[in-house]
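One chain, subunit A, appears in both complexes that follow, with subunit B as partner in the first and subunit C in the second.
For the complex of A and B:
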């Protein structure tokens, strides 16, 4: 039985997972599957299906943290897509997965049949995945359940789009990572981070944008302390010391 | 009355489809629906077979966002985009609330358990009291009596003081009246 924090490989069997105290259920995140052969005999065997590090979050969540560049659509993820085809009622959006996602022209804030949103081919959209199924093409929307945009929508005011690994995105979005806050404490900037490994950054000037991009790229394999030092250094550099 | 109702029920479909019959058509539909519902309720009650819920200990959650508690990816810093910044603060607050609630659910005792515990607790506490009463029944009686007496005394005092003040008040009033006259 591999322990939490150790490397696991596809095929490894995991037993003795902690359940929640109240319901006794265990949440299996990405990289873990229930062995379909053993579902009937109720032997609780969990099989790893991604190489990576087994992680655990209290009280009952387990998942495998793996290095990955290919994005696999997951329901609820917010992603950055590039509009590639305009076909009738739907836009077809490249989200970095095996298939193009479809985005209805009605799935924008304030859009009606008469009032079409102004989306052109090549535009970036920050959207949320609502349908992610292995047998169907993913479907994305730019509104929340209340019909408001809540940060989603077309991104059009310049900036820079960075492609990176999915790990980096997860790393900088995690609560422990100080990078974005540190950068934001000295530089005003705006960002949209897609779970599909795309980061859009816009600073006041091109130089600042590039600085931020570099800082993000450098932080992929460094610890929080290293990130702090690195940000301090780059900021000093930027201000001409 | 009955004849009328029957007549209503027997209105033909084509007639009910006409525009001026829409309201009655709706009513007829509603009645039918309610009837169906009544029948359905009984029907289901009879047919329920107690099935043991399939034990599924696992919940699949394919999203990293949930597992790693990731933040929302749209951000703005130092007032670059005030709209987004406003959104960020509200989202942070909401998230905190949700997480606190979840945490509470996980750690707190739910109503049923509370009720169960209390029912047993009542029994144990009651036992304690009966024991004490058995040990020194005279004591407890005395103390009770004492308390009652004290309360009675207090109330008497109050009444007394009240009466005194009222008498004084009256005297003062009388003096005032005399002075005026």
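For the complex of A and C:
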């Protein structure tokens, strides 16, 4: 039995998982599966299917933290897509997965059958995934359940789109990571961060945008202390020291 | 020698990207029952989902993996992913032997990758021969496995390949060099799964007795454990350094 926090590889069998106190059930997250070949004979084996670090959160959640570049659509994720095809009532949007996602033209704030949203091919959209299923094409929307945009929609007026690993996105969005706040304290900027490994950034000028992008790219494998030092150094460079 | 050649090769791709290799063991005077040194560098290509450069002795293969990606409609399977393997020889165009190698690896990968999780998608594996000094096929399989691990593709288990030959005087030689392989009477290649070290694929040619085959199977299973240990050590180093 590999310990929590250690590296696990595909094929490793995990036993002795903690269940919840009331029902005795365990929640398996990404990277863990029940071995399908052993389902018949009662004792279900939990098998690792992705290489990574085994994580546990009390009381009964287990998952594998892996480094991946390819995005697999998940319901509820906010993502950045590129509109590639306009076909009738739907836009087809590239979200980095194996299939294009479909985006209805009615799924925008204030859109009606008469009043179509102004979306062109090549536009970036910040959207939320509502249907993610391995057997169906993903479906995305730019409104919440109340019909408001709540920050979603077409991204206009310039900026830069950065492609990065999924891990970097999760890292900079986590509460512990000081990067975005530190950058924002000296350089005002706008950003949209998609869970599919795409980050849109717009600073006051091109130079500032490039500075922010470089800082984000550098932070992938650094600790919080290193990030703080790096941001300080970048800001000094930018102001001419 | 192989180490120096590889360093030069990586240097061409990105001169800023020289780093320490993970080394299985160093045995310049190896016996016929020992594997050659395995070294591997992961993530050396930036554009694909997973990549690695794996050397077994002087045999070097560079592998890249993309997936799950869009699939050609003619290759689409309704309930599972399609696996496309491309082998690129050092010189010239791929011929029949290369095509059969591609076929072998793609059917092996089909049992290794959890193909049911990604229906109507495809995984593409590209293998580039860099240097061939015998046991090329097993090096290809091992490189493909390492690249799949690097891409974090969902796998049922890992695979490790081992080549064994029967030399003219009846001796079994593990992980042969090109020279040994050319003089061999029989050639066998086995792929083992990491779960219970059972056989998942094999390829053989030449004349050998049943008893020799059984012995090779056992030797192969023992040495595949070394390869799995190498996978684990490499991934541990890689993942822990990233945290």
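Just so we're on the same page, the second predicted complex is superposed on the first by the 230 of 241 C-alpha atoms of A that agree within 3 Å, B and C clash if a C-alpha of one lies under 4 Å from a C-alpha of the other, contacts with A are read in each partner's own complex, and residues count from 1 in each chain.
Heads up, the rule we're going with is that a residue touches a chain if its C-beta (ideal position, glycine included) is under 8 Å from a C-beta of that chain, and two chains touch if they have at least 3 such contacts.
These figures come from a predicted structure and were not determined experimentally.
Asker: Please tell me which partner, subunit B or subunit C, touches more residues of subunit A.
Answerer: With both complexes superposed on chain A, more residues of subunit A are touched by B.
Asker: Quick check on the superposed pair: does A:51 touch subunit B, subunit C, both, or neither? Answer first, second, both or neither.
Answerer: It touches subunit C, and subunit B stays clear.
Asker: If you stack the two complexes on chain A, which partner ends up touching A:113: first (subunit B), second (subunit C), both, or neither?
Answerer: Neither: A:113 stays clear of subunit B and subunit C.
Asker: Using the touch definition from the top, say if A:175 reaches subunit B (first), subunit C (second), both or neither.
Answerer: A:175: touches subunit B, not subunit C.
Asker: Would you check which partner chain A:26 touches, where first means subunit B only, second means subunit C only, and both and neither mean what they say?
Answerer: first
Asker: Shared contact residues on subunit A, subunit B side and subunit C side combined as an intersection?
Answerer: In subunit A, residues 33 are touched by subunit B and also by subunit C.
Asker: Mind listing the subunit B positions that touch subunit A in their complex?
Answerer: Of all residues in subunit B, those touching subunit A are 55-81, 84, 87, 91, 105-106, 110.
Asker: For subunit C, which residues count as touching subunit A in their complex?
Answerer: By the definition above, subunit C touches subunit A via 49-50, 66-71, 114, 117-122, 149, 151-158, 193-195, 231-232, 235-236, 239-243.
Asker: Report the residues of subunit A in contact with subunit C in the complex, numbered from low to high.
Answerer: Contacts found on subunit A: 7, 9-11, 31, 33, 47, 49-53, 66-70, 72, 97-99, 134-135, 167, 221.
Asker: Which residues of subunit A touch subunit B in their complex?
Answerer: 19-22, 24-30, 33-34, 42, 44, 46, 55, 57, 59, 61, 63, 74-78, 126, 132, 150-152, 169-170, 173-175, 180-181, 183-185, 187-195, 202, 204
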